[in-house]
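Let me begin by handing over the structure; questions about it come next.
Chain IDs A, B, C, D, E and F follow the sequence of writing; residue 1 opens each chain.
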């Protein structure tokens, strides 16, 4: 049982962290278990609303893998695969639009509303937010980002809204592309010159020994990433995630975090307490 | 062939109409053939961008009936009907969210972008734009509007964006409702104190003799609607449409139009030329 | 030991309280033990800075009784008393100015600065903040407030500063008056149409049985104050304090609290948790 | 007869041109037949008001040759000529002030008002708009521009007014100078960093064969002007006009046009249709 | 010889007057000797610039009788008179436009510029400032004011300019009218809710005995004007001037002055010293 | 006796000086006799209010030597001296805070209020205005300035207030330092990029022969200060004062004056008349 006095102590201890982030932009890449488990989802949305209220400018970027597969299955649409990657044909691109920009995005926005926050859902199609082109003709409408127009996000932040972004994009002809959410979040953070990018995953962060959570590496200088890859510490699905983190840092984001979205209120713990969770990426040359 | 000199004459003749609408809000309820036929769709989007550019504040509100049926069919979801009205169960509500707020809304927004306009797509879920409740428990998530929060629309208009609104709404628990687009457009126009509400249909307007387009009634005072209903001139599907028009007028919208969306550039003809098309509804007590 | 997860829970629980006070004005009357005990003082200043950071507009109003007596003693100035009240002669008024507007006010402002807050110290003499006149010729420069100019406070709040106010006032001739801080805080709260006035005391609040802290009355409708006085529950030094609270409520302050300044972070507990401490005064007719 | 549908087509076709000029500044040098013929005058003023309404910032600069001669004749003032140029003595300078800044300027402003536009008439004397000095002592008060203060024009444009400028200037002693309107328009366009300068003349533009309108040169790179002069294609009164155009381009105006003011709505045809009339001057190095 | 110390005393004594007029609007009707004598003219312009600089919003309204007669004479235009009033035919109206809006207005504006002030000259034709109609068909274009659009004046005052207004007006057809400057100044002052209207004349003010300047009436309540007229104290040309003053007071101008423009710096003496010159008109019901 | 006409002449002559200082910042270091003599004090405050009203941004910086000694004496606190300099122990620092930031500062602010000005009193402790550290451990809390935060002064100037600054400072631990007022005024002027710094003294300025006021040096280029020191013309207490002046000039203040505060309205004479009093310091390289 926590007493009121302890509660007050906790709040008071948050002061320096609130001072640090006041008026700054944080981009949260939302995904994994935190997006599926209703209780964790609710925690994330509360964290976002709280940060917004205490003067942090939060942008939520989400993907939606499993729900897209689910819709395609229900539509009886069989996917073709090339080198293990799903080909995005017309039907798939449209399904992505419906699931990402329609179902997931708007439900998140509604959820934030029920908590008392003011969110507006954007897709990469709104006011040219994400311009894209084909990455590989064989993969169809899998998009590579060609430009970010951060103006609509900035306009909404200035008016106090929480922008929630689904990562579909389009080209000048109106073709729709499915975009990797980690990449999009990193580039949006870079375009906004965000203070932080927080990527939620289903791992505790970067582990020296994959099977031992005690071996968490809490701070990585991006300059040492190649070495960590060659040592096999960064491997598999972590490689592209870490690459996004590195790119964000290189383009001017101050701090990038990979955190464990399976922990309740993981974002608040990371942002407002002294014991960061997960792995923080910074540049050697930065003072942080 | 129109000569340049004639072109200039036409532009010059638009002057008083531009003067009349400058800085005013027009809500366009977009639907019917104009939404299906690609050429007409393109015309409507160009009209919207043009009006936005010449200083009119345009809000586009859309429904999307046929595409919703299409998705339900593809999902193999059989609809139940009560008194001829489709019951909106969970699956249907979610499908509506995907089709309306995802596919249709974002494609419109992207289309406007390719023409050079700046649009942002909103649903009734964004920042509490449309609050709703069940109309009739038997019909499930068919929504009755309980409140409009016009602030996000106003914020976007002020920043020069074209807000495009899909008419799904939600309640305080986050339940999602499918909302009739005519009703929503009328209430949004009222909440914005719009100068005009333009409803696009597949008829020439209100006809004295349904089979004779020459009998178009070009001006109706809302006070005379009951008489027109009792005379059978307003009947069938026109009754709820006209009721929305009347309500908008009563709540302060200056002029309401039902126009024929099958004509190319119908909106421009209505707004910027001297020969209005379709039927205009006004209040007897207004000076217009 | 509180875990990080518990810390995050606590922060998350503060959300609805932060939502309630966001953008609102809270006037804190600072006094008693919280002003003397260095640890409590530090807690209060941290609470103020935290509230300011999370979007609450805080105004700190302070008195300074014991330090004034102390200075007078050191100056060898013997005070005359009338009906037990100290007569404020020229020397005393000037000493009050030095102690209140100089020593205490500026030290508070400096303290807030060392925590990272931005405070500006005002007295009632700055830009006509507190106009006063003699209350009783026998008491000399004991001031009765004749007007509050809240404009300088509003100007500072708008620029994000924390105004710290010492309660000396002056009249049109430049005569200086010592003003009761409870009264001044109540009238400043009223002039600012503050959401809340929080008065820090050395009691747990209003007790049904003065000797039993368990008998705390947590909510008092101002309409019932006369009865509580006649029953002897409000008595002695509590009578004028409660009168100030009642006047603030009558002049439009929504909620007034008498809280126990001896508890650490008493303000945060009151404002940001669900178990208010102390006694809250409201109007019967208000909805709160 | 143009149908409504054709009208709408014309308006829709104007979209890309309106997009191009939206928010940009166009300086129109008004003169020649368009200033004498009442119908053409009316057309020009309507064009100006229309452009202003659709978001173009229009500045009208005018001279007034024939009316000045007319007034001098009526005043019985015989002009002295030096090398074919009229000497501007005191009487002439004052007459110029009366005709240009009084009669012509204010009648234009009134005309715009009757059409529903909001114009304010400025002379070079207002708030130091045109500073001048003697060009040649023999010619008296024929002014050479020494400075343009574009601030009053910018202030009026920002408030939505149409500035109408008569080209008299003055020096620090208050002496009044008659200024060539082509030169003044070019320098004003340069000072405003205008998008375009449109000079209205009584010719179709620059002709390869002066007697054959079919030989109109529709685009001239300013770098090729010396060659066109040496070839005799630019000759006579065209030489100084073209020199003004070239200077405007060199000082940063993007496009300069010499158009035929004898055609109705010549400005609208030039600005809002795809078939420019007249001759456009650009810089080789510009991308246009 | 005035010493520097005396100079400083004088400036210091002006303090309460500057405080009184700071941010307020003063309309000065400029005419008579002060407009003809170059030294007095220079004094008036300096006074205007000084008042503008110290935070008073000054509007200068001028007529120009003698110069109009002079131009008509030079043009050989013989005036017809009806009941002693000059008939304003086309030629006369146009001459008024040239003399008032051209010559006099722009020379004043230039004069202010040489002193370092920023003035913009307006006529009643600019942006609909003075709407007018025929007063009496027999008199031709002698205008009666039908409306004042004070917006352009307010816009210029806000940007710090000194608006200088010539009193020609026009109707919806663009017909030009000569307007009495006293009347126009009074109505402009009323439309601007000016603090003061100062009318410069060639008399010391209202005299009880016309031949004895010692009998100056320094304060007149407008309620007593009828009595003063019946007593013959207000008579002749003073009657319409006083009527204008009374109307301005009735429409909300706080104080109206008739001052002697033949005294150097008469405006400064009236506004910034304790011994008003001339006659002040106020309302009995006002507190002044 | 000065006539009204002479008064008006004086005001009119102030025009170019008002033009020069309009919108500029003047820092006045207030001290010496002007601070003790009630009539002179009143003159200074009137001058300040007048300058503020006519658009000059005035900052008043004050010390308070004699009153501090007086309080220490009354407190029976004996000062220790090192090399003739008083050691500032805890008691002295606190007394300085009370006298400077309390008594003197707030009385000045109240005085300005009684004249009709709007002043707010700041100390170096408010919002980190003056950061300081120990100059010499032997001297205790005698402060050396380590930083000026001019933001609170700028914020107050923008809102039209007259900031009145007492020169106590503090360090990061909240220790309080007494700061030399001449130094503080110079550094504040530098941080504000002030147009002028005016230091009030009890001498006529810099005299070539200390005993002959006729030998006043009215203009000193800072480059020649070393020579003047070596010649003994600048000596004694003048040396540090002149050093402050020189430093202000080097850091970008345009003009620095040492004036005789014993003359009534010395500031107005210096700022608004043609015969500067006292000594002006400028840089050789500046154009002034």
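As a working rule, a contact is a pair of C-beta atoms (placed from the backbone, for glycine too) under 8 Å apart; a residue touches a chain by one contact, two chains touch by 3 or more.
Quick caveat: nothing in here was measured; it's all calculated off a predicted structure.
Taking the options A-B, D-E or B-D in turn, the interface that duplicates A-C in more than half of its contact pairs by residue number is B-D.
A straight line joining the Cα centres of chain C and chain D is 68 Å long. The geometric centre of chain A is 56 Å away from that of chain D, both derived from CA atoms.
The mean-CA centres of chain E and chain F are about 45 angstrom from one another, to the nearest whole unit.
None of the residues of chain E touches two or more other chains.
Traversing the ring of chains that begins at chain E and proceeds first to chain F, the chains occur in the order E, F, C, A, B, D. Interface of chain B with chain A (complex): residues 71, 74-76, 94, 97-103, 105-107, 109-111, 113-114, 118-123, 125-128, 152, 155, 159, 161, 168, 170, 172-174, 176.
By the touch criterion stated above, chain A contacts chain C in their complex at residues 2, 4-16, 18-19, 22, 43, 46-47, 49-50, 53-55, 115-116, 263-266, 268-269, 272-273, 275, 277.
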